Amino acid sequence: MAMTGVLRPGHVQLRVLDMAAAIKHYSTVLGLWQTATDAEGRVYFKAWDEHDHHSVVLREADEAGMDFMGFRVDGVATLKRLAVEIEASGLAGALQWIPAGEMLRTGERLRFTVPTGHAIELYAEKDKVGNGMPLENPEVYPDNLKGMSPTRFDHCLLYGDDLDGTVKLFTEVLGFKLAEQVVAGPDQLQIAAFLTCSNKPHDVAFIRHPEKNKFHHASFILDNWGEVLKAADLITRHRVSLDIGPTRHGITRGETIYFFDPSGNRNEVFSGGYIHYPDRPTLTWTDNELGRAIFYHDRKLNENFLNVVT
Amino acid sequence: MAMTGVLRPGHVQLRVLDMAAAIKHYSTVLGLWQTATDAEGRVYFKAWDEHDHHSVVLREADEAGMDFMGFRVDGVATLKRLAVEIEASGLAGALQWIPAGEMLRTGERLRFTVPTGHAIELYAEKDKVGNGMPLENPEVYPDNLKGMSPTRFDHCLLYGDDLDGTVKLFTEVLGFKLAEQVVAGPDQLQIAAFLTCSNKPHDVAFIRHPEKNKFHHASFILDNWGEVLKAADLITRHRVSLDIGPTRHGITRGETIYFFDPSGNRNEVFSGGYIHYPDRPTLTWTDNELGRAIFYHDRKLNENFLNVVT
Amino acid sequence: MAMTGVLRPGHVQLRVLDMAAAIKHYSTVLGLWQTATDAEGRVYFKAWDEHDHHSVVLREADEAGMDFMGFRVDGVATLKRLAVEIEASGLAGALQWIPAGEMLRTGERLRFTVPTGHAIELYAEKDKVGNGMPLENPEVYPDNLKGMSPTRFDHCLLYGDDLDGTVKLFTEVLGFKLAEQVVAGPDQLQIAAFLTCSNKPHDVAFIRHPEKNKFHHASFILDNWGEVLKAADLITRHRVSLDIGPTRHGITRGETIYFFDPSGNRNEVFSGGYIHYPDRPTLTWTDNELGRAIFYHDRKLNENFLNVVT
Amino acid sequence: MAMTGVLRPGHVQLRVLDMAAAIKHYSTVLGLWQTATDAEGRVYFKAWDEHDHHSVVLREADEAGMDFMGFRVDGVATLKRLAVEIEASGLAGALQWIPAGEMLRTGERLRFTVPTGHAIELYAEKDKVGNGMPLENPEVYPDNLKGMSPTRFDHCLLYGDDLDGTVKLFTEVLGFKLAEQVVAGPDQLQIAAFLTCSNKPHDVAFIRHPEKNKFHHASFILDNWGEVLKAADLITRHRVSLDIGPTRHGITRGETIYFFDPSGNRNEVFSGGYIHYPDRPTLTWTDNELGRAIFYHDRKLNENFLNVVT
């Protein structure tokens, strides 16, 4: 098999303060498809070109942020093997099995806490519901796409303290590669790590930060820079709170725009970026070039972008 | 490891009738970077964002066409293991080891003939020469890009007789997935197979055809539809022979243009296409929709495209 | 005044064989806004960013084609002056005044037949109905745009016999400039003329053709090449008959796609082209380069495009 | 004639502090073509698709800013007529005739000072030098374009005190139309005016400001939003000082990026915007929506953009 083990970011569960406002944002502005509501009141969404039942789950709560992020693995055997290896690594805590069905249409999930404090899940099974087109003689996209209409949930950026431990777990146990990193100071301390398990330049990224378990953004992929402009126009049309963009990242080369959901959780939509392979050399950015690394055009950081997390 | 086994199409060796004309085409029009010439007179090229030493090798000969296509695997152990498995499968003939260095800057290669008659290679080692930018604090692309400037060699489309055997070899032995297929007639005979070992919708494709070992095209990837227009403009500016495009494929959704090198070998440059995962359902096209499958806008085939091969 | 006299193509009246099918095409596929139906059963449409009440009028008839094309002039005084000058020129026949209101929301129109046999109109008054957004603090486009959504009706291409006479009328009486022309044969006979009264590279164009009063296409302008791709996708999605494209013209440089309405009238949507000024030199194409002039990428003509007119 | 009187912004003369640095910026980064140097040491540039000899003239001086902006009129008779009408209007001061040849390859110019303090010129003659392609059977763009490669100089934005007087002069004497305006306060005082003599949404714009004769930016037009991204990438590649962008204006809808030449003169490159006609209603923005008017995505102003002028 050429793609094995951990396949992709499969879901993220976010806490929102007002479910009605959140549904409007994620369905009308972002343009995700609402696929279900469960008995707990959680609302499920998918991006249109995902075949799996959902990739975003919203839970109403008193505080915004991320409950957990889940990765799909290539089968039950891999899931069982990784459970053993994660435990053996000593790098994760609070391992638990969440029974199949606790999340709708989803098999058993292995949940654990990584050294930066985030709850991460692995799972092998989630129902396929298709992308709105037949598997025989389809069109190139379905009718009636609305809003930004990203094709897929792409990655999350997470902030936490023990970056070294989390990177070690993702690279040595889960099979991720370090596509790019930022290092700072005379000791070249790693302060950011962009990790991939695929041809994408990142599937998850972490920033060193004093607090554990903080959420910076969930990101969704668009087809091209013209779609980034359309997203920017929609942000204004719907008076969504803009963080920054349209612009480009030096890291990953992606063309991007950031904004906030009504609860203050940051979203990104982006396009572009190179094709990654496991033998591609890791790119390193130094802190004196951090502005250009993050925002290639502005070449300076924005305090909000650095410090506002949920 | 999340990406394992066969990683990517790593090189294609093409026969050209006039090397000087071919060099001009591949460097000035296509915009590849010439990296070396070997003792046999073969000329080596890479697309700019490939880190490996080369991906296209041209050999002067009396007849155009493809000598072989090579895939990079994730290491020597995989290469040795696949050699055993290929031999055991009985699906490939003429297995031979080409010594390291026979192709410049490249390790030992395992060459074999697949049931459609094509010479396919696997190799684990090729020198990294970079993409023209430093690994620390790079820009987003190098200066002085010329011509179409695709970022990478992407795939080949090959024609041959025993499609079933070749698909079996690629899927059951080499770990590829069938992303899309075309079936024809009352028996739903598979006449085309689009195979991937990555997140790309195809890394190699085969069409059922009476003759063995024919070459349809070598394809290179561009960033976006605007680059496809620029490629089309360059085709005319340099009076290159156009096959068809700009247009879109139904299969893979890619935005594309086809043209011929001075020897009559077909090239494609394209952008777009979905993100593939091994659990994505295979898409099937039936022969009554073949026009739309191949050229989504025209919805009819062009005799040249179907029948001109080298 | 810096823009005076004849301002723009203001409307075209087309004959369609089946009004219901035509309405579906012009509103759903092309994405024009239906603004009215008159007592005769004619149906009126506007492109979204036109402020005037309509630019396309459909009339059900037994034969497809164009009834007339109308140009808006800058005021009633100009209309009266041009009526005198047209009559004095001896270049137009069948001059008549159509009373205000015969076409809904439109003032008195001067209709005349030009030497190529086409009915052309001038008028000074048509009601403003806006572009779906307020004149104070608007957005950049209205919500709920559908289909191709061109911003404006742009021009027509017409075929007829006495090209010289028509060009003389448009340039010497109506104040148009010859932006580009095609000449053929040893005598450099003018066979095509692209005429502009604005900064656009053409507001109307004529091709020399044995028959009088033939209609080649009505054209609508899109924002960019990405919109041309979207138009191409919609053509297939709605199984509209495609003529040719996406491609680029050598003449005007425009990025374009051609297709047919259900009655066989050709439509174009396009983007791009240079900014014209009256002192810009006329560009001339010779018949040996006609393929590249018309279809810059294919560099050859398509029999349909040349000969299918209504 | 359909386009008459004042045709277009034809040139701007800017003061730069270091000519060598300025030449590098305007030729390598912006990608203008250097066409001449005169006896005074002024350096002349044109954008590639302008046929006239130059549109930007740089003069080395101790202080940055604009010396004057010139508009081409449709002939000598118009120039003479407008000279009389400008003088008669009492709206302009310091009228003088600059002899032909004082500016290379340029006829006699009428210079005058408008109420906001800016030196404005009219002229009827400047030599045509072409756009690098033949007038017979051209390509769609010349080879070897470099840098941002705008097709034309488009407009200037100027700051000054007596906005009412300048607007009156441009609209009542020079034939411009008010495409858009910004009004402020309880009395709806006009604080910005976007003026056009063409189909473009602006050919010159003025902002009310306490000081006379200040220069905000000179703007150049690109083909599309993809070119705006390329411009942004070049700004970073050459470490040019960025002001703001890529973004979109609410006013004119243009897609834009702003940056500074080495002397601190602001440049803009942009694409898009609607097609203006003299009967298009004026759009009005109120000061409470000024942020969205200027930067449609950010919806807030940037102090630099408002207050840094030369």
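Labels for the chains are A, B, C and D, by order of writing; each one numbers its residues from 1.
Here is the rule we use: a contact is a pair of C-beta atoms (placed from the backbone, for glycine too) under 8 Å apart; a residue touches a chain by one contact, two chains touch by 3 or more.
Nothing here was measured: the structure is a model prediction, and the numbers come from that model.
Chemist: Subunit A and subunit C are the same sequence; what rotation (0 to 180°, nearest 5) superposes their CA atoms?
Modeler: 180
Chemist: Select the chain at the greatest separation from subunit D, using centres from the mean of Cα atoms.
Modeler: Following the centroid criterion, the farthest chain would be B.
Chemist: Same or different interface residues for subunit A and subunit B, judged by whether over half of the residue numbers are used by both?
Modeler: same
Chemist: Rounded to the nearest whole Å, what is the centre-to-centre distance of subunit A and subunit C, using the mean of the C-alpha atoms as each centre?
Modeler: Chain centres of subunit A and subunit C, defined by C-alpha means, are spaced 48 Å apart.
Chemist: Centroid from C-alpha atoms only, then distance subunit C to subunit D, rounded to Å. What do you get?
Modeler: Here subunit C and subunit D have centroids separated by 31 Å.
Chemist: Centroid from C-alpha atoms only, then distance subunit A to subunit D, rounded to Å. What do you get?
Modeler: Their C-alpha centroids are separated by 44 Å.
Chemist: Could you list which residues of subunit C touch at least two other chains?
Modeler: Within subunit C, residues 139-141, 224-226, 233, 236, 248, 292, 296 contact more than one other chain.
Chemist: Could you list, by residue number, the parts of subunit C that touch subunit B in their complex?
Modeler: Of all residues in subunit C, those touching subunit B are 225-226, 229, 232-233, 235-236, 242, 245-248, 255, 257, 292, 296-299.
Chemist: Across the complex, what residues on subunit B touch subunit D?
Modeler: 139-141, 143, 224, 226, 233, 236-237
Chemist: Give the list of subunit C residues in touch with subunit D in this complex.
Modeler: 1-8, 49, 51, 72, 74, 128, 130, 135-141, 151-152, 174-177, 196-200, 221, 223-225, 248, 250, 253, 272, 274-275, 277-286, 289, 292-293, 296
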